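One chain, chain A, appears in both complexes that follow, with chain B as partner in the first and chain C in the second.
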Partner chain A sequence: MELICPAGTPATFREAVDAGADAVYCGFRDETNARNFPGLNFSRDELREAIAYARSKGTQTFVALNTFMRAGDEEIWYRAAADAVALGADALILADFGLMAHVAEHYADQRLHVSVQASASNVDAINFLVDAFNAKRVVLPRTLTIADIARIAPKIRCEIEVFVFGGLCVMAEGRCSLSSYATGKSPNMNGVCSPASHVRYRKEADELVSELGAYTINRFAAGEAAGYPTLCKGRFDIADERGYAFEDPVSLDVMGEIDALTAAGVSALKIEGRQRGKAYVAEVVSTLKKALSAKADDRPALLAHLRGLSEGQKTTSGAYEKRWR
Partner chain B sequence: MRFPATLAAPLNVIPMAAIERTTSMLFQRVTTQHPHLFARLGEHIEKRFAFMPTDIPLVFVVSPAQPSIHVARRLPVPPTADASVEGPLFMLLALLEGRCDADALFFSRDLTVNGDMEAMLAMRNALDDCDIDLPRDLSALAGPLAPIVGRVAESIRRRALTEEASRWN
Partner chain C sequence: METARPSLTMGPVYYLWDSAKWRDFHFRIADEAPFERVVIGETVCSKRQHFIEPHIAEVIERLENAGKTVLLSTLALVTLERESRLIRELARDSEYMVEANDLSALGLLNGKAHSVGPLINVYNSATARLLAGRGACRICLPPELPFSSVKRVIAETPGVDFEVFAFGRMPLAISARCAHARSKGKIKDSCQFVCSDDPDGLPVKTLDRQSFLALNGVQTISHTCQALLGELPDLAACGVSAIRISPQDCDMVAVASLYSAALDGAIGADEAVDKLRMLYPAAPLSNGFHHAREGAAWVARARDTAQAG
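== the complex of A and B ==
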């Protein structure tokens, strides 16, 4: 089972490699990837050095080019793909069918992974991408249960990677317009969900109020764990009740289901969090690496303290074990 | 780990000029050791960042463009800055070195961030990538006492980080 780890900066990249990542995924410092945050990501020179460092330690480097190309500006994405190939990326993680076609046509030997942003969630969609673009791996959307994955795995002709730890999306990846609605910017087109430029936190009496654009997203009581102000994790007044309409401010953690995921046909486990710091990445990667080789009974104790690093200080198994309100 | 109140109290009476001179010397040493420290700030390089320790009576405002640091006594009114972060001194120093996870500390409400979130996020990412090691970077200023100062500083840092880690666990 491979452990695929995030890196937003060269320092974090080295931490992930040193902590035992089998592969590290990262992106260029522009809108070609879905973590286009200020101060984050890699220049071409930084990626060259990172790939060389990873190679020296037997670790692979995956480059995420997983936003959707803007009409008329395709060259930005084509140039990023050309540079990632030339720099020696072990795989490109792509979401846009047009970019997949471009890479398959111009760089036939380049390993291509289907990003979670492509939202390929059924046998026909995945096999289409395998046949059309020679995709070698699909990162499944976080909409599927483990039983769903087990049903899909034997019928598709590529490897499966799933998210097991980190930030949890509202599960309409590549199709979500909530951030775009509130701020005009989306992870799909601009690489940013709920961009920091539109985020404000302010104190109001004892409460911490979080705002996104013109919207109040949440009010946290004194001492209550806080979260990012994304619309999907907002607390709203609905009828006579105030509560989380879509998703609680919690993070994904399904490391307790490693054996079930392995049995279902998963070959790689992915950690979310290219926007997180090197202390987080080092702690999470080293802990999950230990958990992978630990006995099932020993895993809960290993994993328990990671909860403190999570959004809302709580974790969930998300859709892997579906329990809708 | 909070900064001991008995050590914080004298900061109320030490002349600001002395505090400012010492702080500027330490800041200059760090920026000399890490010339690319603020390279990741991009368009935010012209902004001012306030670091406000909650357990000492001082605030620090960094202007990366110069680069320079200004120290002032803590007042009820926050200093003029585009973005500010507030928390215990050792926690802020741990963040400076990238040894604590800023998001986790923000979620747990140990840190408070105000103002331009994008600028502060860029600053967090810039600091996180710089491999600052304060005992290593600053101990040389102690001249012949550098090895001793470095060891003492490392010991204090180890203790502070151990307490922080135990809270996560």
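== the complex of A and C ==
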């Protein structure tokens, strides 16, 4: 089982490699990837050095080019793909069919992974991408149960990678324009969701109000921990009910299900969090790496230790568990 | 380039309406509304399929007798084997053109003439041309696309008829989880079809009582209603072949007639907007995505169009 780890900066990249990542994924410092945040990501030179370091330790580097090309500006994405290939990326993680076709045509030997943002959620969808673009691996959307994964794995002609730890999209990834509805900026087009540029906190009497664009996303009483106003993790009113309409402020943790995921046919486990600092990444990667080789009985103690690092310290199995639906 | 008048397409009903209402709605659309083509079929949640199934044949017949072309919509999110089987059968056997709304349908329709729905991510002409090469002859572009992209994609993709989503609450997201069922204390697997209580969506308001979004089963839609009316001349000029009207729980014959009159130039844009507000008072109008702004925004016509174009 491979462990695929995030890196938003060269320093985090080295930490992830040193902590035992089998592969590290990262992106260029622009809109070609879905973590286009200020201060994050890699220049061409930084990626070259990172790949060389990873190679020297036997670790692979995956480059995420997983936004959708803006009409008329395709050259930005094509250049990013060309550079990633030239720099020696072990795989490109792609979402846009147009970009997949371009890569499959111009760099036939380049390993192509289907990003979670492509939303390939079933056998026919995945095999379409294998047949059309020679995709070697699919990162499954967080819409499937472990039983669903076990059912589709034998019928698809590529490897399966799944998210196991970190942030959780409630909506089918790559198919959500909630953020751009409120702010004009979306994961698909701009590589951002609920961007900091549109976030505002204000005090109102004893309450802290968090806003995204023109909309209130949450209100926190004095003393209540205030989370970031990610749109789908906000509190809203529906009829007379007030609460987290889509999802609580929780993060994903299905490391307790390693054996079930292995049995289901998963080849790689992915950790979310390119926006996370190096201490977090080092801790999570080394702990999960240990958990992978630990005996089942020893795992819970290892994993309990990670819970303190999770967002809001509350975790969920998300869609991997049927009741979540 | 010659500018043909775009025709009107009615998209699939995204909501769960009761069977008789769904049937009668389509009968009236068939008899009275100036649509050239009508897309039907459950698109949001496979659990709802049986509500419309008994009436599909008679609805198709009525639409065809009225001279309308019928297209069959596929599900937007396909995860279960039962759902995959439905799409395989449709792709293999359908006598009517199928409109793909997920990747499995796109894969299965390879080599057959088909339509691509607004829930497929077509953001550029590289993607549009790839889909055209596999048999896509109509593409309804995603509501999120700004006009600059619409123009570019159409100009660079000859041989495909493009549609733009010009009326209706916009589909913004879809999830494996049913927020609609959850809001009523249920989960998806035991939902008892509570979404049928809200034939125009269930409002989601912010804690400051701002109208924001609406729930439609596993789909999240905008509170605002997309309304491209002043934009129709620009859309026609750049070669959009059809204007897509997405059904809401209001007088859709009147909405279609209004868009038709606007396309003919028989009614001015400002007057058309005023009339649309009366026809569908449930939601404020928006056109922000078209103008490269936040989707909920309303950009008044003329001077702003020039700036944002």
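What to note about this one:
Everything below uses one rule, namely that the second predicted complex is superposed on the first by the 312 of 325 C-alpha atoms of A that agree within 3 Å, B and C clash if a C-alpha of one lies under 4 Å from a C-alpha of the other, contacts with A are read in each partner's own complex, and residues count from 1 in each chain.
Rule of thumb we're sticking to: contacts are C-beta pairs under 8 Å (C-beta built on N, C-alpha and C of every residue); 3 or more make two chains touch, one makes a residue touch a chain.
Since the model is a prediction, treat every value here as computed from it, not as a measurement.
With both structures placed on the common chain, the touch criterion links A:M189 to chain C but leaves chain B unconnected. Look at A:G213: by the touch rule set out above, it reaches chain C but stays clear of chain B.
Taking chain B and chain C in turn and counting the residues of chain A each one touches, the greater count comes from C. Of the two partner chains placed by the overlay, only chain B lies in contact with A:G227; chain C stays clear of it. Shared-chain residue A:G277: touches chain B; no touch with chain C.
Legend: residue contacts after superposition of the two complexes on their common chain; A:F236 is shown touching chain C, with no touch to chain B. Common to the chain B-facing and chain C-facing surfaces of chain A is no residue whatsoever.
Interface residues of chain C facing chain A in the complex, by the touch rule stated above, are 76-81, 83-84, 87-88, 102-108, 110, 119, 121, 123-131, 134, 142-144, 148-149, 152-153, 156, 170, 172-179, 182-183, 187-189, 202-210, 212-213, 215, 220, 222, 288-289, 292-297. Every residue of chain A that touches chain C in the complex is listed here, in rising order: 68-72, 74, 95-99, 101-102, 118-125, 127-129, 131-132, 142-144, 148, 151, 170-172, 174-178, 180-184, 186, 188-189, 209, 213-219, 232, 234-239, 241-242, 245-247, 319, 322-325.
Contact residues on chain B toward chain A in their complex (touch as defined above): 40-42, 44, 98-104, 106-109, 112-114, 117-126, 128-131, 167-169. Residue ranges of chain A in contact with chain B, taken from their complex: 8-12, 37-40, 195-197, 199-203, 208, 220, 223-227, 275-280, 283, 304-305, 308-313.
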